[in-house]
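Note that subunit A is present in both complexes that follow, paired respectively with subunit B and with subunit C.
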Partner chain A sequence: MSGHVTSKKIYFAVFGALMILTAITVGVATLDLGQLNTVVALAVAGCKATVVIWYFMEVRHARPLTKLTVVGGILWLVIMLILLFTDYISRDWMAGPQAW
Partner chain B sequence: MNAALAPPPSAPTPSETPTHYLNASYGFRSWLLTLDHKRIALLYLASITLFFFIGGFYAVLVRLELVTPAGDLMSAENYNTAFTLHGVVMIFFFLIPSIPAVLGNFLIPIMIGARDLAFPKLNLLSWYIYMVGGMVAAYALFTGGVDTGWTLYAPYSSTYSNSNVTATAIAAFITGFSSILTGLNFVVTIHKMRAPGLTWFRLPLFVWAHYATSVIQVLGTPVLAITLVLLILERSFGFGFFDPARGGDPVLFQHLFWFYSHPAVYIMILPSMGVISELVTCFSRKKVFGYGFIAMSSVAIAVLGFLVWGHHMFVSGQSVYAGMVFSILSFMVGIPSAIKVFNWTATMYKGSISYSTPMIYAFGFIGLFTIGGLTGLFLANLGLDIHLHDTYFVVAHFHYIMVGGAVMGYLGGIHYWWPKMTGRLYPEGWARFSALVLFVGFNLTFFPQFLLGYMGMPRRYHAYPEEFQVLNVMSSAGASILGVGYLIPMIYLFWSMRYGRLAPENPWGAKGLEWTTPSPPTTFNFDETPVVTEEAYEYVKEEKH
Partner chain C sequence: MSDHSSHGSGLAHQFDDLDQQLDATTLGMWLFLAQEIMFFGGLFAAYTIYRNWHPEAFAEASHHLDIKLGGFNTVVLIFSSLTMALGVRAAQMGKNKAVFNYLFATFMLGNVFLVVKAFEYHHKWVEGLIPGPWFRFEGSTDPAVQMFFNLYFAMTGMHALHMIIGGGLLIYFMVQARKNRYHEGYYGPVEIMGLYWHFVDIVWIFLFPLLYLLGLHNS
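Take a look at the complex of A and B:
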């Protein structure tokens, strides 16, 4: 990782991308897309995190072990979200008292 | 070799007292600003012992209240506060840091042939963060306490409780960072600082267990931190994350809380399993059976432990289909746990077993953990859990894991490495006696709670029907024996620090790099970097004459 000097141009580009993505998040929140609202919000958040990790945190220049650590963190987040949504998606499948 | 039978080394005169980490420097400053992993371990030892007795005090209050069916010692509100503080203090300030921060801190660098952890300043910082978290918890405790249960379930905690929820959540939030930093330090140290020749599959199983634990600490604890921030935001500023009246979902809090807090059980038990692997092989004088399986089962427990949290929520309103998935996954986590128990048993088979105090704790661990683990399968069963949920069966189950498992392993480890840590031997007779007192006291305290729970006594009530009194009196009587069992080691271990006989380098004839250093070790552990040329646990069985 050491030895790589990132130009200011890239940092400004990252900043610009984050601002645009934030604007998209805010804009989409005002639209009623049904269940797609959550999907879009998570997709935008994922893009933001990728930009920050890849450029700002310089993982693109990191060693394989560091990259593996990052992948591990993302994998754990995915595990959490998948099992969490297992509940939310299937909560109303069985007839019974209305859930929260 | 038995510590009590070890030949008494002659006391060195002051002029020939060797320099070690304890006498290398003196004064408060030398301790409070130390970067030596061994001294930081002792700082943690003192701190968590203090919190153990604070948490124990609240357990005494709970058990005293439950001697009689009527709620006559405390009001319901004070009882809620007592069991909550018992849980918060014991889990966040004793069990989670216990083995990693004390034994792990002390031993991992020595076991891998390093001079210190990878980040000594981060290590000291983690202790200070722990102490700051502890002080905030003490503030919450002394200014009215908190009454939500250690689980801090919303929306009671976020909307209705009038107790110190915010301060308690901040305390847990802060101390979580101490846990993250310790885990991070261990991961980097184990990856980067192993001695020449010490390959991954020559590592002591204690190190493997701590590696798996560290992965959980690093990946899981941030989720708890975020959850607590959401809770504080909802309580302080009226956000509606968990409040159905504002479009939130209280079950979401439980999901996020248990995503960390179930793996946190493995933060408590995995290091203890690492200790037991060391004890069983040393006191059986045999190479451990199935090294690779025990090592990988630690990793498997760490991974599978993240997939089972929904079994705490079968009756919460969680989808039945999600419950089915979580139930199946929960049964699967029994497999690597069973691998460990079977392999320890196989290690003992035809071994040359000695009944020294650490081994007595190891026996205690294996029996009690097995009961705790098997009763966990009862609770992972979707149908049976409806009957047992929120009863004393659950209380008994997790105490068999956390006290019968984690604390037995912690005490076994403390006794095993005490000569290395202090350079002194403890009185073996008293130590064996107290281990037996603990075993009897523990079972008398918690086994009746299985019966109470199965009979339908709910947890978290200060009063109960009269038919439950006999079993509750047995449980409280057991708790008093258990208390004595904890006090005896406190007394003789303190005593031994000054009056115990001097410990040789390797009082147990054990394998491992830590036993090649002086007792106590020097500040930088090794004069020269050791080179490892053999597999772990190359014990040669002693021939019987």
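Take a look at the complex of A and C:
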């Protein structure tokens, strides 16, 4: 894994892509898309994060174990968020005494 | 650090060779970042839950953040990630002078970000938007407005703290570059520094749209 030197062009291209995506986020935020505003904002932010992880953090040249750790880190976040949100969303679904 | 190295190559005694050392340190750093993801993830979860309960109050409170300053800081931080990546690249090629220059650029961009942030905080203070007994807000009387600013200061404050720590670390690596410590086989520490810096950048990439752009289309 060591010794792979990425050309400067790729880093500059990645920077350009991130600038374009930032402009898209701001542009889309001025439109009223209802619930979709947040979805689009998070999708664009997710794209930006993926580009940073893949190119700037050089995960594309990392060992399989490192890649697995990166995916694992994101997966654990998803597990935490799903468990939290399913709890908050479903709290009022069951009729019954408000004991606690 | 140099006490444990053999012949100044940067190899710590518990590793067979520099490749193995780099693999181990990269993996270790990613494990640290995995728990950082969980840490910031908790803050993002709190934000999501409160925002779902009080969407109007959050959108109204969000108007009081300066989108121009937030956008400017986004560009500054992404630019600092570019200089950081180029710094790691220079370390891979053993160009210590270039490593110093790129890290210095990264450090200065990080400081620009923090200075802008300080101006933003000061402005909030003047406007009375600091949560607590002196909080005053013209418009919605929903207490959730204050919750938005609680989350704003908690999230951007923790992010800024990470930036300050990153700046301190950058000074250390600049000194090491001045001492010509890095060469083709030994550049791992700069790469690890880069992972940390890029992670902090990613946190801001999510903070900017969620905090600043939230209510833009209603204004």
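What to note about this one:
Criterion: the second predicted complex is superposed on the first by the 79 of 100 C-alpha atoms of A that agree within 3 Å, B and C clash if a C-alpha of one lies under 4 Å from a C-alpha of the other, contacts with A are read in each partner's own complex, and residues count from 1 in each chain.
Simple rule for what comes next: a residue touches a chain if its C-beta (ideal position, glycine included) is under 8 Å from a C-beta of that chain, and two chains touch if they have at least 3 such contacts.
Quantities reported herein were computed from a predicted structural model and do not represent experimental measurements.
By the touch criterion defined above, A:Thr22 reaches subunit C but does not reach subunit B. Of the two partners subunit B and subunit C, more subunit A residues are in touch with C. Applying the stated contact rule after C-alpha superposition, one finds that A:Met94 touches subunit B and leaves subunit C untouched.
Looking at the shared chain after the overlay, A:Gly72 reaches both subunit B and subunit C.
Look at A:Thr86: by the touch rule set out above, it reaches subunit B but stays clear of subunit C. The interface of subunit A with subunit B overlaps its interface with subunit C at residues 65, 72-73, 76, 80, 84, 88.
On subunit C, the positions that touch subunit A within their shared complex are 18-19, 22-23, 26-27, 30-31, 33-34, 37-38, 41-42, 44-45, 48-49, 52, 67, 71, 74-75, 78-79, 81-82, 84-86, 88-89, 92-93, 184-185, 191, 194-195, 198-199, 201-202, 205-206, 208-210, 213, 216-218.
By the touch criterion stated above, subunit A contacts subunit C in their complex at residues 1-6, 8, 11-12, 14-15, 18-19, 22, 25-26, 29-33, 37, 41-42, 44-45, 48-49, 52-53, 55-58, 62-63, 65-66, 69-70, 72-74, 76-77, 80-81, 84-85, 88. Looking at the complex, you find that subunit B touches subunit A at residues 191, 215, 219-220, 223, 244, 249-251, 255, 259, 306-307, 309-310, 317-322, 325-326.
Chain contact summary for the complex, subunit A toward subunit B: residues 65, 72-73, 76, 79-80, 83-84, 86-91, 93-94, 99-100.
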